[in-house]
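Same chain, two partners: subunit A is paired with subunit B first, then with subunit C.
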Partner chain A sequence: MALSPALQLDAAGFSYGAVAALSAVSFAVAPGERVALLGRNGAGKSTLVRLVTGLLHPDEGTVRVGDWDTCDYAPEDLARRVGSVFQHADQQLFARTVREDVSFGPRALGYGEREVARRASDALEALALTAHAAQHPYDLPPALRTLAALAGALALEPAVLVLDEPTVGLDRALRAQVAGALHEHVARGAALLVVTHDLGFAAETLDRGIVLDRGHLAYDEPLATLLASAERLKPLGLVPPAVAALSVALELPGLPVREREAAHTLARVAGAQPRP
Partner chain B sequence: MNPLTLEGVEFHYPATEAPALRDVSLAVAAGEIVALVGKVGAGASTLLLVAADLAPRITGGRLTGTVRRRARSGIVLPTPWTQLSGMAFTVWDEVAFGPANLGWPGREIARHVERALERLEIAALAERDPATLSGGEVQRVILAGILAMDPDVVLLDEPTAELDPAGARALWRLVRVLAGEGKAIVVATSDLDAVPAVADRVAWLEQGAVRAMGAPDLLAEEATCEAGLGTTVAGVWRAAGLAAPYPLTVADAIQRWR
Partner chain C sequence: MRTRHPFTLLTLAAALPTLAWLLPAPAGALGTAAVAFGLAAAAGVRRVLVPAVVTAAPFWLFLFVLHDLPTTLAIGLRITTMVAGFVWLAAVLAPDRLVEAMVARGWSVTVAYVFAATLSAVPLFRARARRIVEAQRCRGLSPRGSVAKRLRALRALALPLLLSALHEVDERALALETRGLRSGARRTPLAPPPDPALERAARWALLLVCIAALVGRLV
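Presenting the complex of A and B:
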C-alpha cells in the first residue's frame, strides 16, 4: 500500500474578492518527497503556501495535511504538522538570542524543556549555526538571519515543511548548507515544498516540479525533465538553470540538471577523470 | 573625471573591531558596469553604502580614504521595501517622490516618472497603493524612483532577489541600456551566472578587501572557482576534471566542445 500523502490538495481554489488567485489545483505530496513550486511573480504560489499553512482557507475544494482538513484547524494548531518560513523571514526573528528564537516554536507546541533544547540544538547544528547560538539575531548578517529563521522551522520537526524563497541573499556555500539540512530533514520522512525562483537550487535540492500559471496547475513532473525544456519554461516566465542549459547545449547523455551529475557525465564523455 | 572613485577606503561600522572595508580602491567610468562578487560578509553591500554616501553618514562608523562622486547617485538596497517613502498613496507618487524633492518643475517630474515606469514595465501599477505590492513589484518601483532622479551613478544590491527569472532577465537588460546611456553602475549580486552578460568588470571582494579585479573571465579562473565564486559552467567543467581555462558561459562551453 502506498504511503498516505503528507499533503493533498483536491480542486483547491481561492479568490481575493473578484480576483481568482488559484483555480482547481490538485496534487498530493508523499512523505519524503521534495517538491519545487514554480511560476512567475503573481502565479499563485504565495496563495498556495497560505492555504497549506492554514492562513487562508480554500473557497473551493480541500487542502489536507495528513488526515487534517486545514479548514478545521487554526494556523497555530496546524503548526504541529506544517512548518513554514516565509519570504524575508530574516525580519521575523524576535528573541534575544538565536537559540531562544529557534526554541520558541517547539516551546509553543508544549514540549518539555529537555526536548525543546534537543530540537533547538539539532536544528542549529544542521545549519552550522551553533557558534552563533548566543548572539542576538540582529547582530548577524542578513544571510545568517535567514538560516536562523529556517532553523526555527526545522526545530518544529514538521511533517510538512514549506519554504518561500529560502536562498535569497545566500552565497553558494550557504545554499549548500541549506540543501544539506533539508536533505537531512526529508530523510526522516518529512515532505518538502519549496517556492523558489532559484532554479539552480531547485535542480540541486528537489526532485519534482509543480508549476503554477495564473492560478492553474501547468505542470507536475520530475524537475529533471521540466528544467531541460526551455521551450516549455519560457511562456511560464522561467529559464533553464545553467547546468540544464549546458546539458542540452552539449547534448550530454541523460541531460543531467545537477552539477555533480553533469560533471561526471561530462568527464565520461570527454574521457577525463572527475575531481573527487 | 570618473563619476565614482574610491581610493584607499577603509570603513569600520560602529562597535566592530575588524574593518568592513580595507584599502578599497575602485574607479567606475561613465557607461561602465562593475559587478561586486564575494561570499556573504565580504563587504559588497558595505562598499555600495559607502559609494551611496549612506555609510558612515547614516550607519555611523568611521571612514578613512577618499570617496569622490560626480553629481547624483542612487541606490537600491537588498531590502527595497524599507526604501518606500511612506508618503505616497500611489506608485506614481512614490516614483515622483525623489524628483519632487529635487525641486524640479511639475512637468519635468511627470516626464521622468512616466519614463521610469515605462522602463521598469510597471506603468500598469501607477495607481496602485505601494503597500499592496509584491516583493518583485516593490523592487521595480524603488528602482524606478531612483531612475526618475536621473542619477549619474546607479548602485544596485542584489537587484534581482525579488524577481522571477524572466523579470531578472529584463532587469539585467535594462542595466545594460542604462550603461549605454552613460550611467556608471555598480552591482552586487550572488547571481554569478548573470554576470558575464552584464558586467564589464568584476571586483572580487574578500574580507573587506579587493582580492582581484578584471574582466568577467575572472569568474572562470581556478581561484574564483575554488572559492565558490565561479560561474556554474566553469564549476562543472572544473569538477569534470577537464583542463583550464574553464569556459565562462554555456556559449563558451559549446565553442570549447567543438
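Presenting the complex of A and C:
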C-alpha cells in the first residue's frame, strides 16, 4: 500500500500583486523522501517554502501537510508538523544558551519539560553541538550558529523538514555533519525538502530533484538522472557537481553522482579494490 | 523626487515640520500635512503613504483620549507632518547619494556615513524584523493571545533583532576600519549628484519661508 504523502501541492499558485511567483505547481513528497528543490534565483523556491510553512497561502490550488490544508492553519500551528530553517537562520537565535534556544520550539508548542529536554539533547547530539550547549549562541562562529538554528528545527521533530540553503558558509566537515543529522531524521519517517544551490551537497544527501523555472515545475525526477543531464540543467542556471560530470565524461556504469559510489564504480572498472 | 539633490530632499523634509509648528493651526498644519501626504503618495501609495498613515495613527488615538478636538487637530496634524515627512525622506533619499553629496561639499566622510547609515537602517531593520517574526512563528511562537503572552513573545522577537543588530555593528565597524574610513585622508567623490541652480534657489527660498514664518510667529 502506498504511503499517504507528508506534503502535497496540488496546482498551487501564488502571485505578488501582478507578478506570478508560482503557477500550477503539483507534486507530493512521501514520508522518508529526501527532495532537492532547485532552480535559479527568482524561480519561486522561497515562495514555495513560504507556502509550505504557512507564511503565505496559495492564491490557487492547495498545499497540504499530511491531512492539513495550510490555508486553515497559522505558521505557529503548522510548526507541529513542519520544521523550517530559512536563510540567515542564525539571526533568529536569542536565548542565553544554545540549549535554551534549541528548546524554544518544543516549549512553545507546549511539550512538558522532560520531553523538551529530551528533544533538545537529541537535536544537539545529532549535530555534534552538545559541547557548545552551554555557550551563548552569539559566542559561536556563524557556521555553528547556523547549525544551532537547524538543531532548533530538528527539536520540533517535524513530519516535514524544509531547509532553505542550509549549507551556506559550512565547511566540508560541517556539511557532512548536517547530512548525517538529516539522514537520521529522515530515517525516522520525516520528509525532507531542501532548497539549495549546492548541488554537491544535494547529490550526496538527497534522492529526488524538483526543478522550478520561472514559477513552473520544470523537472521532477531522481536527482541522479537530473544531475547526469548537464544539457537540461544548463539553461536553468545549474551546473552538475564534479562527480556527476566525471561519471558522464567517463561513461561510468550507472552514472553515479555520489563520491563513494563513483569511487567504487571507478575501482571496479579499473579492476582495483576501492579503499574503505 | 529620487533624482533631486539629497540636500533638497533634506531641506524639504526639515521645512515641512518646521512650518507645521510655526504656521497658525489648524490651517497651516493642514497644508503641510497635505503636502507631506502628497509627497508620500507620489513616492508610492503602498510603500510610503500607507506606512506613513499607519505610523501616525496611534498618535491621533492618544491625542483624542487626552485633548479636546481643536488641540487634537492642531497637534495631530503637526505630528502627522513630521511622521509623513520622515517616512517620505527615508523612502526617497538614497544614502549613497547623500554620502557623495556631503563629501563633495567637504564634509568628513565619517560624519556623512553615520548620517547616511542611520537613514538606511530603517528599511534594513524592518526587513530583518519581518524575517525574525516569520522564523519564530515557524518555531511555534504565537503572536496572538493575552497581553502577558504577547509580552513574552516580544522577547523572542526583540532580542534577536537587537543582538543581531549589535553583532552587525561590530562587523560593519571592522569593515569600515579596513576600508580606511578613519584614515583622515580626504575622499574624492566619484559621482557627486548634480545640484542645479534652480534647486539651490528652491532650498534658499524654503529657508527664507521658514524664517519668515518664525518672525511672523514672534511678532
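The rule we apply is simple: the second predicted complex is superposed on the first by the 276 of 276 C-alpha atoms of A that agree within 3 Å, B and C clash if a C-alpha of one lies under 4 Å from a C-alpha of the other, contacts with A are read in each partner's own complex, and residues count from 1 in each chain.
Assume a residue touches a chain if its C-beta (ideal position, glycine included) is under 8 Å from a C-beta of that chain, and two chains touch if they have at least 3 such contacts.
Just so it is clear, the structure is predicted and the values come from calculations on it, not from any experiment.
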Combined model on subunit A: subunit C and subunit B, fit or clash: clash
Touched partner set for A:A79, first subunit B, second subunit C, both or neither: second
Dominant toucher of subunit A (residue count), subunit B or subunit C: B
Touched partner set for A:L199, first subunit B, second subunit C, both or neither: first
First (subunit B), second (subunit C), both or neither touched by A:L129: neither
Subunit B versus subunit C as contact partner of A:G42, first or second or both or neither: first
Which superposed partner A:A151 touches (first subunit B, second subunit C, both, neither): neither
Partner chain in contact with A:V65 - subunit B first, subunit C second, else both or neither: neither
Which of subunit B and subunit C A:H88 touches, first, second, both or neither: both
Clash-bearing segment of subunit B relative to subunit C, given 61-69, 97-105 or 169-177: 97-105
Doubly contacted residues of subunit A, that is, touched by subunit B and again by subunit C: 88
Footprint of subunit A on subunit C - complex, ascending: 128, 131-132, 134-144, 155-156, 159-160, 163-164, 167
Touching residues (chain side subunit A, partner subunit B) in the complex: 39-42, 46, 87-88, 141-144, 168-174, 197, 199-200, 237-239, 241-243, 245-246, 249-250, 259-260, 262-264, 266-267, 270, 272-275
Subunit B to subunit A touching residues, read off their complex: 38-41, 78-79, 81, 134-137, 158, 161-169, 190, 192-193, 228-229, 231-233, 235-242, 250, 253-254, 257
Touching residues (chain side subunit A, partner subunit C) in the complex: 50, 53-55, 74-76, 78-80, 82-84, 86, 88-94, 104-106, 108-109, 138, 152-153, 156
